[in-house]
Each structure stands twice: as C-alpha cells, then as structure tokens.
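Notes follow the structure.
Lettered A, B, C, D, E, F, G and H in written order, each chain numbered from 1.
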Amino acid sequence: MNSKEMENFLKNIKNGDISIEDGMDKLKDLSYSDLGFAKIDNHRELRVGYPEVIYCEGKTVEQIKGIVSLMLTKDVNILGTRATKVMYEGIKEICGDAQYNELARTIVIKRKETEPSSTYIALVTGGTSDIPVAEEAAVTAEIFGNRVERIYDVGVAGIHRLFDNLDVIRRAKVIITVAGMEGALTSVVGGLVDKPVIAVPTSVGYGASFKGLAALLSMLNSCSSGVSVVNIDNGFGAGYLASIINKL
Amino acid sequence: MNSKEMENFLKNIKNGDISIEDGMDKLKDLSYSDLGFAKIDNHRELRVGYPEVIYCEGKTVEQIKGIVSLMLTKDVNILGTRATKVMYEGIKEICGDAQYNELARTIVIKRKETEPSSTYIALVTGGTSDIPVAEEAAVTAEIFGNRVERIYDVGVAGIHRLFDNLDVIRRAKVIITVAGMEGALTSVVGGLVDKPVIAVPTSVGYGASFKGLAALLSMLNSCSSGVSVVNIDNGFGAGYLASIINKL
Amino acid sequence: MNSKEMENFLKNIKNGDISIEDGMDKLKDLSYSDLGFAKIDNHRELRVGYPEVIYCEGKTVEQIKGIVSLMLTKDVNILGTRATKVMYEGIKEICGDAQYNELARTIVIKRKETEPSSTYIALVTGGTSDIPVAEEAAVTAEIFGNRVERIYDVGVAGIHRLFDNLDVIRRAKVIITVAGMEGALTSVVGGLVDKPVIAVPTSVGYGASFKGLAALLSMLNSCSSGVSVVNIDNGFGAGYLASIINKL
Amino acid sequence: MNSKEMENFLKNIKNGDISIEDGMDKLKDLSYSDLGFAKIDNHRELRVGYPEVIYCEGKTVEQIKGIVSLMLTKDVNILGTRATKVMYEGIKEICGDAQYNELARTIVIKRKETEPSSTYIALVTGGTSDIPVAEEAAVTAEIFGNRVERIYDVGVAGIHRLFDNLDVIRRAKVIITVAGMEGALTSVVGGLVDKPVIAVPTSVGYGASFKGLAALLSMLNSCSSGVSVVNIDNGFGAGYLASIINKL
Amino acid sequence: MNSKEMENFLKNIKNGDISIEDGMDKLKDLSYSDLGFAKIDNHRELRVGYPEVIYCEGKTVEQIKGIVSLMLTKDVNILGTRATKVMYEGIKEICGDAQYNELARTIVIKRKETEPSSTYIALVTGGTSDIPVAEEAAVTAEIFGNRVERIYDVGVAGIHRLFDNLDVIRRAKVIITVAGMEGALTSVVGGLVDKPVIAVPTSVGYGASFKGLAALLSMLNSCSSGVSVVNIDNGFGAGYLASIINKL
Amino acid sequence: MNSKEMENFLKNIKNGDISIEDGMDKLKDLSYSDLGFAKIDNHRELRVGYPEVIYCEGKTVEQIKGIVSLMLTKDVNILGTRATKVMYEGIKEICGDAQYNELARTIVIKRKETEPSSTYIALVTGGTSDIPVAEEAAVTAEIFGNRVERIYDVGVAGIHRLFDNLDVIRRAKVIITVAGMEGALTSVVGGLVDKPVIAVPTSVGYGASFKGLAALLSMLNSCSSGVSVVNIDNGFGAGYLASIINKL
Amino acid sequence: MNSKEMENFLKNIKNGDISIEDGMDKLKDLSYSDLGFAKIDNHRELRVGYPEVIYCEGKTVEQIKGIVSLMLTKDVNILGTRATKVMYEGIKEICGDAQYNELARTIVIKRKETEPSSTYIALVTGGTSDIPVAEEAAVTAEIFGNRVERIYDVGVAGIHRLFDNLDVIRRAKVIITVAGMEGALTSVVGGLVDKPVIAVPTSVGYGASFKGLAALLSMLNSCSSGVSVVNIDNGFGAGYLASIINKL
Amino acid sequence: MNSKEMENFLKNIKNGDISIEDGMDKLKDLSYSDLGFAKIDNHRELRVGYPEVIYCEGKTVEQIKGIVSLMLTKDVNILGTRATKVMYEGIKEICGDAQYNELARTIVIKRKETEPSSTYIALVTGGTSDIPVAEEAAVTAEIFGNRVERIYDVGVAGIHRLFDNLDVIRRAKVIITVAGMEGALTSVVGGLVDKPVIAVPTSVGYGASFKGLAALLSMLNSCSSGVSVVNIDNGFGAGYLASIINKL
C-alpha cells in the first residue's frame, strides 16, 4: 500500500465506501493459510511474482500432502524440490498427474500452461556429475515459463568443448554455471560473456573440496566480473533467479 | 553454606547439638548416588532448582534404565532428551506410564502436577523443518511448569506471517526463536520486542549452512540487542533457560 | 496496534475524530529521523524499551557527532560503545559533560537519573585481561539503571576464588560470565546456580584460542543448563540482555 | 566468430579479399597491449561490454600509472578501485582531472558522458558502517551509466525504517543489499520484492563475524529466493553486475 | 597451431590446397564426441599426451557404459577410477576382459601393450591403511607404461623401516609418498632425496585429522624442498603426474 | 648405538670377534618383519619400551590376522585397538584366548603377566558417554602393567561429584581427563592437582561441538598449567603416555 | 582435607583444641589476596606445587606491578611470561634485580636458589625461528629447578642432525619438541624414544600453516605414541609440564 | 651407504685400511656445522643436490650473518629468501657483492657461474599482483641454473591473453602457475599442456579469499590432471621443484 492507496483507503473508510469489517480485513491483507505446522503464503504471487515452492527436505510426507492439498484448491502450478520418491508417492495419492524427476528430485504439478520465453537461459555444467543440480535449475526455470538451453560437460580440463558452445552461451539473456571441484568454469565463462552469470557450486568432488566449499570460494573470488553465487547445490535458487532476470 | 551458617554449624558441633557423625554427613552434603557409570546428582534440585535431566544420546539402554530406576525412587518428574524409540521401549519395561514424543525425541515421566505459569514463553520457528527442535524446547518448558505459545513457520521469506503474530510474541515474558538456514528470524524478532530472546540455530539447511553453522554465526552477530544463543539444535537448553527466566 | 486498537482507530477515522492527515501520520508511526548516512530510531524506546545505542566502530567522528546532536534534542541518556578517544574528543565539543571510560571504550551522556535496581547483576570474569569486556557490560547495565556486582579474576585455575564468592553470585537475579582462553568458568558457574547465565567469550588468549573461538565453542557446548551465549567480546550485548532480565 | 563468420572469413581469404597478413591479424584478434607486468585487454569492451577496470590493490603506483597512461590513449572512461590516496596522487600527475572518492576508495577519469538509465538500481545498506562498500558499488554503477537510489541504514534492528522505504526499493529494476554482522537485511528484502537481489556481505562486525564470514554464510543460505551473493566487501562486483542486469 | 602453421594453413586455403569445408573442420579441430550428458574428449591424447580417464564417482552405470562404449571404438587403453563393483559389472556386460581392482577401486581395459619404463616411480606409504590410495596411483602409473616400486608401511613411527628402503627410493626418478594422520613421512623422505616428491595426503586417521586435512596441511608446509601436493586421497592424480615426470 | 658401543663394535669387527656377516646384520639391526602390506617392528620394544600395538581401523581382517600370527611367534602381550567384532572373530580363529572389550573396542592377547604398578593412574570422565574412550585408555594402561583408578561421570555441571573424589585423583601419579562437550573438566582438575594431566577430548556432543573440536580447543587453551592434550577420542594415546609417565 | 583430617578437625573443634575463629579460618583456607582486578592465589604452591606465574599479556603495567609488589612480600621466585620490555621497565622500578630475557619475553625475579635436577629435560627445536618459544620453555623449567639440554635446529629436512644428537635426547627424562611449519620433528622423535614427549607447535611458517594450525594438527595426529600437545607457542606450558614430570 | 659399500667399509675396518677413528668419523658422516642457534647442513649438496637455502623470516640479522659467514668459506652460491632490506644491509657488511631483489625479497650471492639449462621453465601469473611470488620462483630457478620464461598477467578473465602465449608455455619442460583469487588459471593451463604443472596459490585477493585459501583449495581440486600444489605464496618451493624436474 503506497501513499496514494493509503489516502484513498482511509477516505473510503471515512465515507463508508469500505466498511469497518472490510477495512480490518484489508489491513490484515498480507494473509496466509495456517496449517499449524505451516503457514501457506497466499499473497506471495502478488508480492514476489511466483507461487510458493515447497522445499520438501525435513518435512514429513503428511506435512507435504497437507500443503499440496491446500494449494490444489487454487489453480496454480506447484513445484516441490529436494523430494524423495516416497514423498512423490504420497503426493500421487492426492494428485494423480504429479510428475517426478528422479535426477532433479523435483515434483511438478501443472495446472496452467506457460508460454516459453523468447529469450533463454543458458545452463552450463563442468561435468556429468553436476547434472542433477543443473536439472533442478532447469525444471525450476521451465515451470516458471523460461526456455532453457543445456550445455553439459564442458569443464575447463578440455576447454575446447566450452569454446565450441560459446555462441549458444553468449546469445542467452542470463547464464547459469554449475560446477564442482575447483569451479573454474565460472571464471572462464564470466570472462567471455557480457551477460549476468549465476554460479552454482556443487558438492561434486572429494577430499579438499570439502563438500563444495572449494568451488564456492572459487566462485566468490572469481576474477571475472558479472558473476554472483548461490548456495552449494542450490539448483532451485539459480533457476529461480535466472527466471526473474530472463523476464526483466 | 555462607559465613553465618558456617559459624552456627561449628558452634553446634562444639556444643554437641550436632554429632561428629552428623557433621561429617553435613560436610559431605553435596551428595549423589553412584551407579559406577553415572553419578546421579541428588542435590541438584536444591542447588539449581530442577531435577537432573537425562541426556540419552551416547548412553546404552541399560545405563538409561539404571538411571531412571534410581530416579523413580524419588517422587520427581523425569525428562529424557535425544531419546530413540528403542530407549523408550526399554524405559517402558520399568515404567509403564512413560510417554514418548517422537518429534521431540523426548521421554517424559510425570509424577507430580505442575501448575502452568501465568506468564508464557513464545516459541517461534522460521520453518516447518525447525519444529522438532522447537518441540524439544516446548516439552522441556512444559514439564517444568511453563505455558508455551507456539508460533510456527513464520520465517522472514514471508515476513507478514510474523507481523500477524506479533501481538502474541510481544506479550510473552521470554521468547525462543528457532531457525535454520540464515537464521534471520532472530534479528527481526529481536528488533521488535523488549523481552529476552533466546535463539536456537538449527541444522536445517544444506551446502554452506554447514549443519547449522551459518545460522549460529548469524544469531551470534545479530544487530538486534537482547538476543543470546544456545548450541545448534539445542531445544532443551532453550526451553530450560526460558523456564528459569519465565519464573523470575 | 492490536485488533481492538485497530478497530478503534478505523472507527475514529470514520467518525472524523481522527483526520485523514493524522491517520496517515499514525500509520506511518514507526518513524525515525533521517540523517542520510543514518536513520535514528525515535520509536525504539517505545518498541523495545531503551533509547538507541551508538555502535561507534566504523563510523566517522562527524557521523557520530551528527547522531549525538540529534539525540541531544531529546532528553535521553546516551551510550556510545567501541568508541576511541578521538571520537570522545569530537563528542566533547558538542557536549561538555560527556564521560569517557577508557577501559570499557564507552562514552556516556547522562540526562536523567535512573534509580538503581533492587535486584542486581553479578558480573564475573575469569581473569584480569577480561576486565575491559566486563566493564563494557557494566557501563551498559548501569546506564540502564541496574545494580552490578563485580567479581573479577576468579577463573577455574584457582577455583577456590570462585567458591569464596559464590554467595554474592548466587544471590544475583542474573549472572554474566566473561572469560577467554577455554572459558570453563561459565560451565562451573552454570552448574552452581539456578539463575540465567549470560556467557561472554573474550578474545583473550593466543594460538589455538583463535581470537575467542575456543571460548565461544566451549560456552556454546556447556554441559551446564541455563546458559546462553553472546558474540565474542560483546560486553554491551550481555549488559543489555542482563538489564532486560533483571527488570522482568 | 560463429560458423557463418568463419565461412565468410575463409572465403575472403581464398578470393583474396582479405590478405594473408590481415587474416593473421584477424585470427589474433582477441588482442591486448603488453606492458610486461600487465596485459591490457583492448578487446574487453567488445567482448564483455565494458572497458577494463583497474583493481589497484597489490599494484605499485608506477604500474598503475603505466596502465592508465596506455588507457588514456583510447577515449574511454576509467575506473580504479581499492585505490589509496597515494595511488591517486600518482595518477593525478598524468591526468589532472582524475577524481578520488575517499569513502569508496575509487579513482574515476571521465572521458565521455553516459546518459543515466531510466530504470534504476536500489542500493540498500544495513548500517552506517556499510556505506564505504555501498559507495564503491554506487560509483561503479554510475560510471557505467546507471541511476542509483541510495537507501542507507535500514537494517532489521529497526525494521520500520526498511518498510518506510519499501516503495523505492520495489520500483527498482535490480536491488543491491549491503550488510555486515548477520546480514539479515538481505533475506527480509528478498522476501518483499520480485526483482533480482545482489547481496554484498561486508566485513563490518567483530568476534564471530570472522571478518564478514557470518554475513556471507547468512546470505548464501537466505530463505528468500531471487538472491545471489558476491565476495565480502565486493562493492565493485555488485555494482558491475547490477549494471549488466539494469541494462538488459 | 603456431604462427608458421597458421600461415601455411591460410596459404593452403588461399591456393585451394585445403577446401573451405576442410578448413572449417580444421578450425573446429579441438573436437569431441557429444553424448549429451558427457562430451568425450577425442583430442586429449594429442593435447595432453594421454587418453581421457573416466572418473566414475557421481556417474550412473548407464552413463559410464555409454562413455566406455564410445571409447572402445578407438583402440586405446581405458582407465576408470573410483569405480564400485556394481559399475564394474555393468562394464563387463559390454567388455568381457575389463579388470577390476577392488583395493584401488579401478577398472582397466587393456587394448595395447605399453613397454614398462626403464626408470621407475617409487611409491611409499606411511601405513597399511594408506595402501588403497597408493594402489590407485600404482594402477594409474602402470597403465600409462611406468615401472612402479612399492615400499609400503614405512611411516616415521618406526623410521628404520624407511632407512632400510632408502636405496630403492633414492634410485627412483620420481617419488610418491602416501600418508594419513600427520603425514610426516613426506618431509622425512623429502629431506633425504634429490628427486621430485609428490605427496598424497590420505583420509586415514580420526578426530583432529579432519578426514585428511591434518596430513594435507602438514605436506603443504613441509620444511623439505622438492615437495608438492595433490588432493586428499587423490592416488590417480599422483600416479598421472608421476608418469608425466617419469617420461620427461 | 652410542659412542662407546660403536667403538666396541668396530674393535670387535677389527679383531674378528664379530664376523663381517654378523656385523652387517648388526648394522641392519633396527629390523622388522616384512609382510608386504605391513612391516612389523621387532625392534620397537627395545627402542621405545613396548611391543607394537595394532591400530585395526582401515586394515582388513586378513591383514590383522597376518600381523597377529607373526606376533604370536614371539612371547609378547598383544593389543589391538579400534577393533570391530568381526575383526575379533577373525583373530579368535588363530588365537582362542583373545579377549574382546566391546565398550573399548579392544582385542587383548595376554602371554605374560605384568605386575600392577604400585603408583596408579587416575582416569576421570566428564560423563557417562565418555566411558568408551576412557575404557580404551584403561585397557591400554592395564596391559602395560599399570594400576588404574576409574572416576566416571564427575563433570562440572555437578562439580561436588568431582570434589568428593578429589583425594583419589590427587594421590595418582598421573591423571587422564576424558571429556566431550566443552571439556571444562580438564581445567578444573588441572587447577586442583600438582601432577601431569593428560586431556582426551571426546567427540561426545552435537552441533557446535563439531565432533570434538570444541573440547579439543578448550583443552588446548586450558588456563590451568600441567595439562597436555592428545587427539580427539584417542584413549589409547592417553593410556600409553600415562603408562610411560607412571613408570618413570 | 580427607576424611580422617575432617574427623580430626571436627573433634578438635568439639573439644576446643581449635577455636571457632580458627576453625572458620581453616575452612576458608583455600585463600588468596584480593587486589580487585586480580586475586593472587596464595595457596597455589601448596595445592599444585608451584607459585603462581604472571601471564603478562593483556594486563596493564600498573596491574603487573601491583601483582609483583604483593608477591615480593613472600619469599618466592617470580616468573612473568609474554612480557614486553615496557612491562619489564615498570617492574624494575619496584625490583631492581628483575631480569628480562628478550628472546623468551620473560621476567624473572630470583629469591631462593633451586638446585638443578639430576635428571634433565631435552629441549629440541626444528629450526632457528622456533628458538623464542623454546627459550620460554627453558626459562620456565630452569626457574623451577630443572636442568635443560638444548638441541636446536635439528628439523627433519636434514634428519642426520637429529640422529647425531639422539643420545642426549634419549637420556633425558622428558622431551620437549618445538616446531612450526609441518611439525614432523615430533613424530620422528616420538618414534625413537621411550620417554614422554611434549609437543609445542609454533606459529613459525606462512600461508597454509595458518599461524601454527598445521603444526598443531600434525602433532595431535602423530603416528608415534607417547606424545601429547600444548597450545601453539605455549613454551611456558611445556616447560611447566616437563618440570612436573621431571620431578616425579 | 648401500650394501656393497657397507661390506667394503667393514672389510676395510677389519684389515686396518680404515682406522677405528676414521671409521667412527665415517659413521658420523652425515655431518653439519653447529652454530648453536643453527646447524648448517654441509652434506646437503651431496644428499639432495643443492646447497642449503636460508629462509630468513623469523631469524635475527645476526643469526643470518652468522650463517652466511660460514657458508662463504665454501665456494657456493647462496640464496636467502623472505629477506627484508634490513637483513640485506646486514649481509652487505660481510659480503659486498650480495644482491637484493626487492620485489622477490631475495638475497643472492654468486660465487660460481651456472650455465643456463637448454630446456626452460614457463612461469605464468594470473595478474600483476602475483608477480612478487613469481619472481621469488624465478630467482630461485635461475640461481640453480635454469632458463625461465615469464608470461605475466594472463588470467582467465581475459583468456585470449593466455591462448596467445600458449606456444611458449607448451614448449617448456615444466610449468609454474602463480595465481590468487580463485586460481582458475591453473586448471585452464593444466588442461592445455602435457607437462608437469606446479601451482602456487597466492594470498592476492580479499574477503572470502581468506589469504589464499580459496586459490589453494581451487588448485588442489583442479579437474585437470598433471597438477600439483605448493604452499600459499611459496615461490621458492615452486622454483626449487621446477629446477629439479627441469634437470631430470
């Protein structure tokens, strides 16, 4: 409610165009549905542009089913991330057309079609083992209506693979780089493009990779500009942010 | 034993009002029952106000049963934390009315009623996944005779959920905030109230959350005043401290 | 604004008891004074019970003087923490009776007397080197109207010094323990009292103390209950929280 | 050089439209000027859209002067970051109209006017001490032709200050949040907007802030979506990335 | 393609000795086979001297089989590292003579004989538990045609075991030391030889070994010269590098 | 071989009292039995006073059996640490009277009686969960012929339990303290005795105990003198060192 | 006061052999002198065998002078550690014969002669840069009446230097090893002797030595038995502990 | 002394060709000169191929002068690393032709000419700020008689600079890469060559570079093979190792 809206609102209260009861509801308007264990954010689509996504990890199957049930009453697309197969089977009982992506560990329930964007997101991985995290980003971006171009396994150990795909990377509106180990891919890509690069460190590696810490630090210290970083293995976060930027 | 008590004690020894034997017992008074593998602190209730709580993790079922058996001879309420179902089943063999809270991983044996406090503790969580830790705090506070108001899943990603519950939070005598990931909830609550805030970082999260380290550091560095922090996932510690403060 | 107040407020708007303009002001009420580089929180005393404190580190002398000037127009006590002597000299130019505590690195401007509390805060340090942090806590607690009992240099290396002062510690309403190195003092005190213990790790130590990390971890893992922890060297935070608890 | 360009290039070589010598130059085209200690990237503007920025830290005054001298021969705007006053004085000897921003530690040499963008970047700080880092971001974004709206000192300890400025934040095309200590500002802002949020942790704080690590981890683990993170104190990186996004 | 080759190449294009189509192929020459999930680097042998090795961890059995199938069409030796028995069984279905080394967790497919080198690599371990990592190095070095001398379990706790084998160590062209715990073996060996020493820290140990961190730091800080370090448990990397040096 | 022995040895070679062959054997004397995967240190008892102990973790059952078989040919007591039950069953096949201590995870084969020492080692634990580590120390010290006095579960949360056992602790020749969580027990004991204190941090705890790191740092920073520290959970190391000191 | 003493004490009170006043004094016996900022432990010599040592770091010159003044009234040797020259000059004003060791940063005031022990402490350093820490250990051990044999600069990079001095090391009753960088010296010495080895990691080194952390971890993970560790640069702690052991 | 030498030696003792005294000297043969604070390793050139290098950091000027004086009596080239200008001035007093390299912080005393090697070492840096570390490597390699080719400031942010210099890098016998920040240069170079790559992380960077830790981890986790790593800023170590390899 900005200043003008506020003035109008109060005037309407004064002249009775809005009743006291409606006024009270209005003031409470940033509302949600309360399930006790969860408060579903009905206002989110209005406020930040997308429906709430269910982060499944750490929730019981019953809790997830409760949240989905409530969401199904509204005609929105639903995305569950970090979902196990068991969670998916629970959801299927209440929603037969839910889809599970085993690689990305996502559950998707489609209720309205979204036209793919004209511009696209380039999704680049260093190796084959980074694909699950990349796919979480891809599924996220796609359900929010973005076109995604996948360029997988083009890490710097064989840098010609990257150069051979440079055109498709450079023509993207925004680029996601997904890499584990030392994460050098991000800096190389960042030095070759003039678009925003979202870097996703992965926990791929062993020993002194410290479950993704090496890649994370590497990306944070990138000598290339135009790069920013999300949490280790956070494919969803990268896909979500890329979607926002792609639609600017 | 302060100075006056000490003087009286020695005078009583001198004039024979206290026998040597009794005197020796008296001096040994900070006593305990020795089970070999454990020394049960009988004096604790007197000294710090509550009966000893059994931290079950790392103890064998037989050890826990031994400790409980001894405690059952005294008419006190018993709380076991971090208890597995197997431990509970062992306890049940010697105490049929023991109760197990699977979410909170607590065993409770009630022997005397405690009247709920008039003031209450507000127990706030950032998300649904933080509830197990919160419930450990709730069970602890309740067995020690406190009223607890639960406000769950009001993290800052949808901050209106918090504001909508601000009244009940502000009216509490002491507030516990339970949050994982970046733990920002604590600072926001701390900036809105004039009561002590006990922050419990949880290990909810992944990647650079480093099993709760991110939330822990976040809470320790809170820019809001009136905040202090307990160990990661330490629901018991928060509930215990909140109980002390609530009863001041 | 709780529900009743909200209803009344809207009724008053409707019947004209509150004008639109006043209503707008009212809704904006959580207000502050904007200096550009700083936004002074005028509403804080109402909201969290105390006037804003100036954390001086990282601010220029001119910025601090600007903030103090504005605060001086209101009749409140002012506390500056982590202040250098140079900052103090700047403040003195605009406020001749400002007082500097070199040990605690605090600036205090007193405008109204506060009656010392009947109950008191026990302030315990492990060593002599911990005193500066303790004094920051003491100055903070005292300006907020609390009585403080100092028990310094009673660390566990000579534990009889602690026991000899146990009475004054146990009679406090809340206890602050300030210790560096391994911070064992906190656990020992925590096991001997039935009052809230606020632990302040200090950066006193060397080598594997890692500038207070050892003491911090030690306190977070205290085997004694009723203990919570603030940031390393955060004397202010401990004094502030102790003040809140002491006045409950 | 994409496939079509490559084909044309080779055809031109074949039919003599491009001479062997020119062909060789063309293939070498990603060229630079070699100063021995530095290789100035002449091709950068073409490749990533901006002239090279001089990161002054760790370079000698003579080295910086050499780089600037070479750049001055081309008609471009020049930005030096992390520059000391001594470096600035060195530059002034060869370029009288160079400007130094002491707060941001930047040197700016303006050679062509850039029209400010219609959309703008919102630049939000938690506290006053975060301003130097924010100003580095502001200077960077402005020299690249962006309009910047500064909203300083609106950290979550007094969250109404943030809400009061929410309109100007929400209307931005991209938002930069700059915060030290626990960095909770980022998550709160992220939950209230539907625009990309670039988070800059600062080294403001002490003790367990570990020179910005706490804020960094906090931001990486933000429960709000649409957030990405740059290195601690990396105002330049945030300003640069915001500029790219603002101009999409 | 160096300058002369480039000139010749362009001349050949010009005079038609190389057709446009061949020229395009030539420029694309740093090529690979694209399996979608993986891009097999056909050019690697030319570029860095060895065929690509399959790092199996994090790949599905189907992915590994796909990569091996493609490689089998070329007459090269194949090495799979960090392979489970399940992966091996998958490979066996398409290549009956594949060999699995359970200790080293390697799969080897031999297609051409390599004559063992005249000079040899000395492979030294601190303890028995370090042998699996050492064997990964040995298998790697051997498939690339190197002679390997194993000197196992000669850690510094019984340093005479090392001295008794010093001759065979000193006569090697390059030495690999494999050790966990405190990794002191590396420094002792480094001080006794005039050959390159490649140190492999292992995750053998417990507690403050932090999964190999102690050995890693120890080796990086070796007071002996001529020592360099690879990742924790990276037997392959050490074997590969030793092979390059042994063949210089 | 000290100077005198060396002189005698060479004289004996010269005058033929020792043959060349025997001399060569003599010079090789720091010998061991080579099993390929392990080099058994036959000289150890002479050199450091005790037979070699088998650290079982990371060894296969067959390797351990091979080592034990060789040791059985000599008439020595054998100690295996960090042994699983499966390892024990393997040993039992070749040595029926081997004994397994499930708590301490030790295998003991007794071949000669050792008279218990007159002085004793005090073995103190903070809690019940620390007992397994303590028992490893106890078994080690006992097989090397030391008397051990166990004082378990006397942590500082109920410090009177410690004081009540102070006499038996003070009369020991050397003291081992075993504690997890914050490990404050060590400092308290260290401040009360004038004997060497060997501190064993344990991985007992959770959250910010970081698997024993908190206790380790706490003990390393002990404000009490006379304290030194071994690795986390290193009961064997403490028992071994205590044995050396007890026998001085 | 053990049981018998307690009984006797109470009997003496009863029959008047000890007056009430004397009894009170007796019970208070673990006494100290209170300077406000410091509590001097008069009872320490009785309790742990040595007079209190002044850890000067973090204390003001005035505080140190106050402590020394009080100590001078008793006829004891005084040791100040981590003392600056300025502190020493302060002490000299009140005690002309105080001696300053610039290398060890110690102040020594000798009041009674101590006969050097017949057995001795071997003090071994890896390099020349470790000597300051070693000298702190030496000064400490010597003032407590121990003979110290210095063997400096015998690190493992030139291990023959160590072997050449092995005799004097082996004949010691207890050994202190002082080393920075990777600290391998400790493990090598530990494997060659049958005496207690006290390891002192030093902050000598750079980069990944992380101010002594590498040496600390290395020593904690020593594969040699009989080794324990004190804090980084803690020469005093090693000298003190070695003294206790040498006098057993 | 190998087996044959040993046999001959003992035969010579027996038949009197070597006297007892000479024999004793011979057995002591791994000798050094003892300065008390340092033991100069005379045998080092024989044993590991090079004269001892003086690591100046942490040594006093007098100590360094003492070491150099002794070395000057032998006709060897001398290298001092990490030397301050003050140290250099001290050396100059005893050796007028000593040379100081301010950038590399090295002191060089040349006594015999070394013919430059035919093969060369390629020395590559990511940026201008990495040059000091690179120069330490260059000075080291050159004094040991190696030809060094410097390729500075070719980091991956402008990767064409690297490709333009690929020929000179590929023709080297061994390559040193020196880089701070995220250190991605190493992986890119490693993927393009078939020679050993020695990676030197530098402390160039800020914030989450944690003084070189990010670059160190990045290099240890390099996805390119043939790479090994030395300590942060360890130019000497890289130059020394490269020299050994270059001369194989």
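Here, a contact is a pair of C-beta atoms (placed from the backbone, for glycine too) under 8 Å apart; a residue touches a chain by one contact, two chains touch by 3 or more.
Treat the numbers as computed from the prediction; the structure is a model and nothing was measured.
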Review point. If you take the chains that touch subunit F and keep only those that also touch subunit H, what is left?
Key: E, G
Review point. Out of F-H, E-G or D-H, which pair touches the same way A-B does, with over half the contact pairs the same?
Key: D-H
Check your understanding: Among the chains, which has its CA centre at the largest distance from subunit B's?
Key -> H
Study note, to complete from the structure: Residue numbers at the subunit D-subunit E contact, same meaning over half shared and different meaning under half, come out as same
Point to revise | Centre-of-Cα separation between subunit H and subunit C, whole angstrom | key: 54
Study note, to complete from the structure: Per the C-alpha means, the centres of subunit B and subunit G lie apart by a whole-Å value of 40
Exercise for review: Return the distance between the CA-based centres of subunit G and subunit H, expressed in whole Å.
Suggested key: 38
Check your understanding: Which subunit D residues sit where two or more other chains touch them?
Key -> 3, 127, 157-158, 191-192, 207-209, 213, 216, 220-221, 225, 231-232
Check your understanding: Can you list every touching chain pair?
Key -> A-B, A-C, A-D, A-E, A-H, B-C, B-D, B-F, B-G, C-D, C-F, C-G, D-E, D-H, E-F, E-G, E-H, F-G, F-H, G-H
Revision key, fill the gap. Listed in rising order, subunit F residues that touch subunit E in their complex are 28, 30-32, 36-39, 41, 43-44, 52, 55, 57-59, 63, 82, 201, 203, 211-213, 216, 231-234
Practice item. Sort out for me which residues of subunit D touch subunit C in the complex. Key: 127-129, 131, 152-154, 157-158, 160-161, 163-164, 204, 206-209
Revision key, fill the gap. Listed in rising order, subunit F residues that touch subunit C in their complex are 126-127, 155-159, 181-184, 186-188, 190-192, 205, 207-210, 213-215, 217-225
Check your understanding: Considering the complex alone, what residue numbers of subunit C touch subunit A?
Key -> 3, 6-7, 10-11, 13-14, 16, 20, 23-24, 27
Point to revise | subunit B-touching residues of subunit C, taken from the complex the two chains share | key: 2-3, 47-50, 53, 167, 173-174, 191-196, 198, 216, 220-221, 225-232, 236-238, 240-241, 244-245, 248
